[in-house]
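Pasting the structures in now, so scroll down.
What follows is a pair of complexes built around chain A, which joins chain B in one and chain C in the other.
The block that comes next holds the complex of A and B.
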């Protein structure tokens, strides 16, 4: 049986919207490339044999690195791992020539080889990526050095490089997610801020459960977190430094509720909702000087603001038309333009890091959906449907959306899910128990 | 202004239980403006049951400490106005109490919007009480959005009881 390469081997992303789907670039003799287009994609078969342990202390990492890399790639839905039990070839030396025939025999299109050495609390991880059917290495080999504690991050960096070389897109595996960890019954839910790797590993709790906390958001550099807490008895915005876990109130005005904060791309300005006398409007606060500016002044609810990646515009929800709808305005305020036009209620808009799409929550006929639309509101598509889906957050490369899904009834629970922006690959995200309100960090440095 | 949420909760719990525990925060309903006594004395007063018109239990159970709202609305129904009118009259007589009005939403909405909606509902109740003569300085509002349902099922029967504004009493008016 001959293996038909579906598209050659570069996944070409970003051609998902109607009218823009070009014919896939079939590059039979070109480099490995997967085209990510609308419709069914046959996942690209790959192999990641255990890394070569270059000394005794590296033994425990050799297998684990390969497992994390394989899990990252398979988790995208774009790749399919050929398990070690099916391998014919063995990689016993990192620098020995690759026996392409051994990998062709099991229909692997991509092969990731690697080696690891460890000494004290330091490890060095190397990898190479091979295009089996064209019989050549893809890009240069790379080496990462760091502490043994960060071995998972190094695996994610290898997987990001592999993903990036094959798809032509930035990766998203070496990233973190801040979220709300939930325990207890529905009418007495205890909530704590927590942060974890994007894949659910290394969960770390940032607050105790004495006060309700809501909707944490990462700063553009991932070093700080904005969130809403009831620690004073009233909902107010706090700004936490991730490294020191120290938090301070932000934009607090006596007798008001502040909520729904989000950083501007400058990492200094924060846009948020301030409620006074029952009416919520949008404001900004300078995190250094504390200076407040008012952006909207309407008797309706204005909330859930988010900046465009270039910082020039703000997308937000308002019920000024009678129901929740999505609007875009200049970052300094001014007349907003409504962009949502379908039936139902639209909320929690978030701007894609690529700038081209807005993800949102939609409520229609008793169901909740996560969807995406273009910035002008056109080409809306719903990616999910359930009893309650809400609060999308973008992966650093703008390909994947994570959100909260809550089940119905007295025993209803929240958990995190992710879905590709094409609507494929809906999957639960591990989070060490019930969880809500995810916010995805940028790629780590 | 400083409010003591813990004391407030304790009073709310004692009131619900309608028991006779001594109230270490001073007079409950029955003793009037007892306060914390004179030179270090501690007054001990019964809290009274739901049939004692000056008790917190009476306020909560007989008058009704909460009003309900239609889906996605914050306008007060006739029934809600009647309940709040009763609350206002009681508050004029029992002027030692400050109040926090908690606004709540059902789970059928997104988190931030429900916070804003809960604030609207609390504010609607607050404005009505003020219009009935309760001093604005005695009232604060807080929204819990969909974070604190009293009913946990996912049907309209439960939702209708979760879309509420609850008047929670605490001692220390005008503080």
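The block that comes next holds the complex of A and C.
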């Protein structure tokens, strides 16, 4: 019997080992479950062949529409166009079935097909979006009708729809930007208000260059523009109707200077800075009645206010702590709470249309940055760094920030740049010359 | 023999052989190809005969001593010179007219006259090609069982084959008689009550997929069900609660180890729905994970969709290719339904894209990976 114990021990160990080895079998009773936690961040390849011209007059638009759509999508940095020279398939009819294999062969993951017809001064644009690898159409086809002059807007609308269907968030292509156009040397620069498409096309000037203009801001509906002008010799706020290009002073008080205006989300109230006796505080004014309300009363400089998307809070900059910092307070005033806590100076805060982030300008160690932070000041991220970056403005979908970048030196000049909130896709924005102080409109109706 | 003579003899013999048959083994460099034109040799008599027979050929003349003015060679009458045909006028493709840039709106304000988007009035024909009809494999009769007697395959190999135990018998590695606790009032150690156990069925050959008896059934039919789970009472966990035992009794430790191992063995008995076959190793799972994540592109996802973790179920064919129609979202967490849909689309694209040529998976473990659940967790991919 002396051999039984070692044998038993060996048997026990063997069975235990066997049980451990068999353990994975126990773990899988259903489908094999794999967790994917790492992916790639790459532009999604897509193809936009020339639209089908359904009549002779539409021929000139068929190609241009496709080019603008491709430019819109590629400009986001989220998509990569497969050039037409690589296309295998041809779209000869809008209603013809898509040969998915032809597009799969060139690794296109999305395909935009469209057609355009023109009659007189009106054109009709229609499109479809296809998911190549799943072999199905994404959403229903859409069509837009408008004048021939608005063909770019229709291209932007198609691009917005494509962007929205693929990314799940709204687009920003059918929007405009108001900015300050600059000409002349740095020490004698002429400035005038201008408006353009978000991509720099269709620049139109709203004011002449006889007086300096600053900080234009679109209304929530995009039909009015607030700006600051030195027309009277002192900075004062003006409200311009975009359709008539007529402007009037707003919140004008004798012996004061007003500047840095912003619309409230309701489009009626405007918050701004009013300087009187060397002290600047925040006020609101009703655009209809002209009634003023004071929000802050401090010996420090309070300026650059902006509303939260729900209109309940205001973010602004103040030097009450000794340096420029960002504060948040209730829309009706009250004790502000400082949210910027990093080193350096913070200014020009702008609330994201989504409400989750605040963009700002930061000056630290001799460089300027455009950054974003949570509304409580956490998770600060700097997106850019240069000699001078300032004045961020959000795209309508809260995905992109446009700002002013000025180069150093006497010959340096201002220009507009845009950057994704991830910090990627930093690119200049065409603006027909030097430009500064951009303000993005909401999506056009 | 003198080595010198030997080497000399070998050398001479080799030289003679090379001289005789060396040409067979030596590849001569081929001369560069030359364009060859076939010619035929004619004698002077033949040439004169041909000249005489030719009615149009001019008689050979004596060479002129003076240099005549060169005259234009008149072509033969029967072969009039082709008059130069006017070439087909090239189609003058008019360059496309310059694209008229839309005139800027006269007024400063943007002229918004665009109509609201309308749905396409007529639904186009579905460009989606019809889904391929799933065709079952034609039934194939399994090969007949060889008449040659084969050793009995079993799940266990033992020196001596044993017969299958009774269906309701408790199976243990070694046969053991039933043990009942002794009713001694002063006993400190109480034996664990165990039912009588029979020895496991064993054969002389391990039962594998290769030597399992082939059923006489179409190969496309459902797989044979695994053996029914052993009776619940076989698991030692169902044994009656044992009284407290002293830790210094090695026999109890062995019994516990055996019981634990037996319990594990019982647990490995797969339920009726569990896949059979060897399990996927960690390396094989990692390979699949890497293959999918290489195509999981979250670059075009919204920040909201990047908050959503989606679980996607997909069925794979034996070639490792995903059945696109089977890709479904089974659950999602962390966002709205719209965001989840976008996250699902990204995951689905990853499966389709990287599975287009079939995932590299072990074919012998098809039952393990034929149904996948892929959990796409973008936590590390979010904007930081």
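Convention: the second predicted complex is superposed on the first by the 405 of 445 C-alpha atoms of A that agree within 3 Å, B and C clash if a C-alpha of one lies under 4 Å from a C-alpha of the other, contacts with A are read in each partner's own complex, and residues count from 1 in each chain.
The criterion applied here is as follows: a residue touches a chain if its C-beta (ideal position, glycine included) is under 8 Å from a C-beta of that chain, and two chains touch if they have at least 3 such contacts.
Source: prediction; values computed, not measured.
Participant: Check the contacts made with chain A and report whether chain B or chain C touches more of its residues.
Facilitator: More residues of chain A are touched by C.
Participant: So in the superposed three-chain picture, is A:435 touching just chain B, just chain C, both, or none of them (first/second/both/neither)?
Facilitator: After superposition on chain A, A:435 lies in contact with neither partner.
Participant: Once the structures are superposed on A, label A:109 by its partner contacts, choosing first (chain B), second (chain C), both or neither.
Facilitator: Only chain C is touched by A:109; chain B is not.
Participant: Examine A:47 and indicate which partner it touches, taking first as chain B and second as chain C; both and neither are also allowed.
Facilitator: neither
Participant: With the two complexes superposed on chain A, say which partner A:151 touches: chain B (first), chain C (second), both, or neither.
Facilitator: Only chain C is touched by A:151; chain B is not.
Participant: If you stack the two complexes on chain A, which partner ends up touching A:278: first (chain B), second (chain C), both, or neither?
Facilitator: First partner only.
Participant: Name the contact category of A:212: first (chain B only), second (chain C only), both, or neither.
Facilitator: first
Participant: Once chain A of both complexes is superposed, is A:410 in touch with chain B (first), chain C (second), both, or neither?
Facilitator: A:410 contacts chain B only, not chain C.
Participant: So, A:370: does it touch chain B (first), chain C (second), both, or neither?
Facilitator: A:370 contacts neither chain B nor chain C.
Participant: Taking the contacts chain A makes with chain B in one complex and with chain C in the other, which residues are shared?
Facilitator: Common interface on chain A, chain B vs chain C: nothing in common.
Participant: Using the touch definition from the top, list the residues of chain A that touch chain C in their complex.
Facilitator: 5, 8-9, 11-16, 18-20, 22-44, 59-60, 63-64, 78-79, 94-98, 100, 109, 126, 128, 130-131, 133-137, 140-154, 157, 161, 166-169, 176, 195, 202, 204-206, 241-245, 381, 399, 421-422, 444-445
Participant: Enumerate the contact residues on chain B facing chain A in the complex.
Facilitator: Within the complex, chain B touches chain A at residues 1, 3, 5, 72, 74, 107-113, 115-117, 119-124, 126-127, 140-145, 147-154.
Participant: Within the complex, which stretch of chain A touches chain B?
Facilitator: Checking each residue of chain A against chain B gives 185-189, 212, 214-215, 228, 233-235, 254-255, 257, 259-260, 273, 275, 277-280, 301, 303-304, 317, 319, 323-324, 347-348, 361, 363, 387-388, 390-391, 406, 408-410, 412, 437.
Participant: For chain C, which residues are in contact with chain A within the complex?
Facilitator: 96-97, 99-100, 102-105, 107-115, 117-120, 123-129, 173-174, 250, 253-254, 257-258, 260-265, 267-268, 270-271, 273-275, 279-280, 285, 288-289, 292-305, 313, 324, 338-339, 341-342, 345, 347-350, 352-353, 356, 368-369, 371-381, 383-384
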